[in-house]
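Chains: A, B and C, in written order; residue numbering restarts at 1 for each.
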Amino acid sequence: MFANFDFDVIRRSLGYLFLDGMTFTLTLTALSAVGGIIFGTLIALMRLSGFRLLGRIAGLYVDFMRSLPLVLVIFWFYFLVPYVGQWVTGASRPIAVGAFTSALVTFIMFEAAYFSEIMRAGIQSISKGQPAAANALGLTYAQTMRYVVLPQAFRNMLPVLLTQTIVLFQDTSLVYVLSMPDFLGAASKVAQRDGRLVEMYLFAAVVYFTISCAASFAVRRLQARISIVR
Amino acid sequence: MSYNWNWSIFFEPAPGGTGTYFDMLLRGLWLTIQTGVFAWIIALVLGSIIGVLRTLPSKTAYWVGFAYVEFFRNMPLLVQLFLWFFVLPELLPRSWGLWLKQMPHAPFYTAAVGIGLFMSARVAVQLAAGIASLPRGQKQAATALGLTTFQAYRYVLLPIAFRIIMPPLTSEFLNTIKNTAVAITIGLIELTGQARSMQEFSFQVFEAFTAATVMYLLINIIVVTGMRYLERSLAIPGYITGK
Amino acid sequence: MKRNAMIGYTLAAALCAGPAMAQELTGTLKKIKETGAITLGFRDSSVPFSYLDDSQKPVGYAMDICYKIVDAVKKELKLDKLEVKLNPVTSSTRIPLMANGTVDLECGSTTNNAERQKQVWFTNTHFLTASRFVSKKSSKINSIEDLKGKPVVSTSGTTNIKQLTEASAARNLGINIIPAKDHAEAFLMVETDRAVAFVMDDILLASLVAGSKAPGDYVISKDAFSKPEPYGIMLRKDDQAFKKVADAATAAVYTGGEGQKIYDKWFTQKIPPKGLNLNVPIDAKLKNQFAKPSDSPDPDSYK
């Protein structure tokens, strides 16, 4: 079955696959996770702010994003972001954003909807007495959030946030539809050029599997440690 | 915004003489629903079996369930679809592979099975958690009544566990429908695919994607409403307080 | 943008290349001047027009022509340095990405037709090719009629998939049309028997076959879905000033003999990544086009 396999094609393209492809994937994952968590936290704060209108807007945003397939959102943003940039900056022409920036904006906006739900649960898990105590100490709302609530919420939710980041890592493979050179894109370019798709796709599957597995194992250990501390 | 809007594009005939652009999108919507429902049935059946395996006392059963879930959870769906579509037929004996490849509607079946397997791992996790959340007394009481393990699951544990996990199952069903869009990479022209074709033929990018977006929102609203109704009608009075 | 106007542009550009700078810059030229960068859209697998070589760098016949335009833009704007950014495009994304300013020139194998002229503009034609299909010899498909009811692949967003859709409807063939992301993926569908045929421009089919594992297994159809249609480098619509520079630059390349040299480099000599030689000498129509460059979308205007 594996007789006419050419595993050498993998060795020959390792440099491109990892130095270009995996770097693209990991950079996109890391920056999107950071951006998504920050933006997601803001959305969660809006929902819990007590201002009806703000909460409504944030809620609609989350529901809206969560109703759409990521592939459709990726298409939307790739074509739309330059116009939005033009509108925001008031420029006379659409702002040229490269493939990477466009993908990054897409993933931040999309994943924020998911991260915000996690952060919302995290914030709600903090007992009401804590912000009340902070308030009694004379801390402002911003200070209460910054020094009391968010650090704990973030800490409690860290395993879930990281699990979502593993999902995000897998989701970045969808930039394939735009011909971007992420890890899967790189693998498929080599596969198609050399007609070696069986080898390349199997290899890509093994790499994604190994990384995700190792990461989720690490998250599980972290979770065990955190739950003991608590 | 320097873009020429043309909302009447939906009523113009699409190339191919099979109706208007709007008809094209409706065909995509229908295929999205078909693929999603087919995949969901597979996900529910397999997910239930694996979910139960994970809660059985047998160590082997637990590990089978564990390995299954890890296998399908730790690879991007896109990669899994590529494995089923491009790699699997090459690994099979030539005549089987050829049969698989030349089967009519190959992208549809590959997508439904591929997405079904991918989602079954998630259903399994939800169900295992649901069963684990039941008080231990339930299982013990069932055993005390003389029920076999099968009967205990069939008549006591599963009916309650499924009711408990109804809300997460609703969102997994919606995820299944959304995930069908990934199948455009193996040539399935579902809703996102039709929107993309419409964009390519008519050059009206934003109209096409807006229409697809609205259709996905409608699917969501209908599914959420329907599931809520189902949840309420299945609720056991006095047992689980529905949301 | 008919031929007479073209010659006018070429002359005008040649005569007043210097003083033209006094004018206010607009559109793409203004953007390039301000940002110091120009973005070229390239393709993954449009061999030999625009594709990735061994080091995954975009190369090809259309890329070489684009770099000539870049040189002309640099000279026109009197820039010391002009950064060239590269952005991957597919047949499906190229027109929206041109409209939304992501790419400034699309260097590939884009058919210039009247319908697309409503969205984008093209500079002088760099190739002419007809739409045909490739299939395995073993599947014994000799005509378009033989495709009846069969799975046939084409690249999504191309004129070819549209012609296939229309032909299938007009001749009542009920072809099961599968869209692929790019040419390599589409060819793969035929190679792995997912589809019986791949409908595409014949030159692209020829290079895919030549680059495949077993070139002898494939045959390109005699039947064509279209007349030989012109390929052009795509640029934004309504950008007169930029088009003028691009037209003048390409016209100079084609009429000055350099066009023939670039053509020979990609079509009659060994090309990366595998050292393939396509052996497609220049034909009479393209020779005439090089002598009198035109950007007409009308296939009948090329003789």
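In this section, contacts are C-beta pairs under 8 Å (C-beta built on N, C-alpha and C of every residue); 3 or more make two chains touch, one makes a residue touch a chain.
The model shown is predicted, which means the values in this text are computed figures rather than measured ones.
Chain-to-chain contact here is organised exhaustively, every possible pair of chains being in touch.
Ranked by separation of Cα centres from chain C, the top chain is B. Between the chain pairs B-C and A-C, more C-beta pairs are in contact across A-C. Our note on geometry: chain A versus chain B, Cα centroid distance of 22 Å, whole angstroms. Work out the mean CA point of chain B and of chain C, and you get 40 Å between them.
Averaged C-alpha coordinates put the centre of chain A at 36 Å from the centre of chain C. Multi-chain contact residues of chain B (touching two or more other chains) are listed as 2-3, 86, 90, 185, 196, 205. For chain C, residues touching at least two other chains, in rising order: 96, 181, 188, 192. Residue positions of chain A touching 2 or more other chains, listed in rising order: 79-80, 83, 93-94, 176-177, 188, 197. Within the complex formed with chain B, the residues of chain A that make contact are 1, 63-64, 66-72, 75-76, 79-80, 83, 86-87, 93-94, 170-171, 173-174, 176-177, 184, 188, 197-198, 201-202, 204-205, 208-209, 212-213, 216.
Across the complex, chain A is touched by residues 27, 31, 35, 39, 44-45, 52, 55-56, 85, 87-90, 93, 96-97, 100-102, 104, 181-182, 184-185, 188, 191-192, 212-213, 273 of chain C.
Across the complex, chain B meets chain A through its residues 1-3, 70-71, 73-80, 82-83, 86-87, 90-91, 174, 178-182, 184-185, 192, 195-196, 205-206, 209, 212-213, 216-217, 219-220.
Those residues of chain B lying in contact with chain C across their complex are 2-3, 15-18, 86, 89-90, 98, 101-102, 104, 106-107, 185, 187, 189, 193, 196-197, 199-201, 203, 205. Put simply, chain C touches chain B in their complex at residues 91-92, 95-96, 99, 118-119, 151, 153, 156-157, 161-162, 165-166, 168-170, 176, 178-181, 188-189, 192-194.
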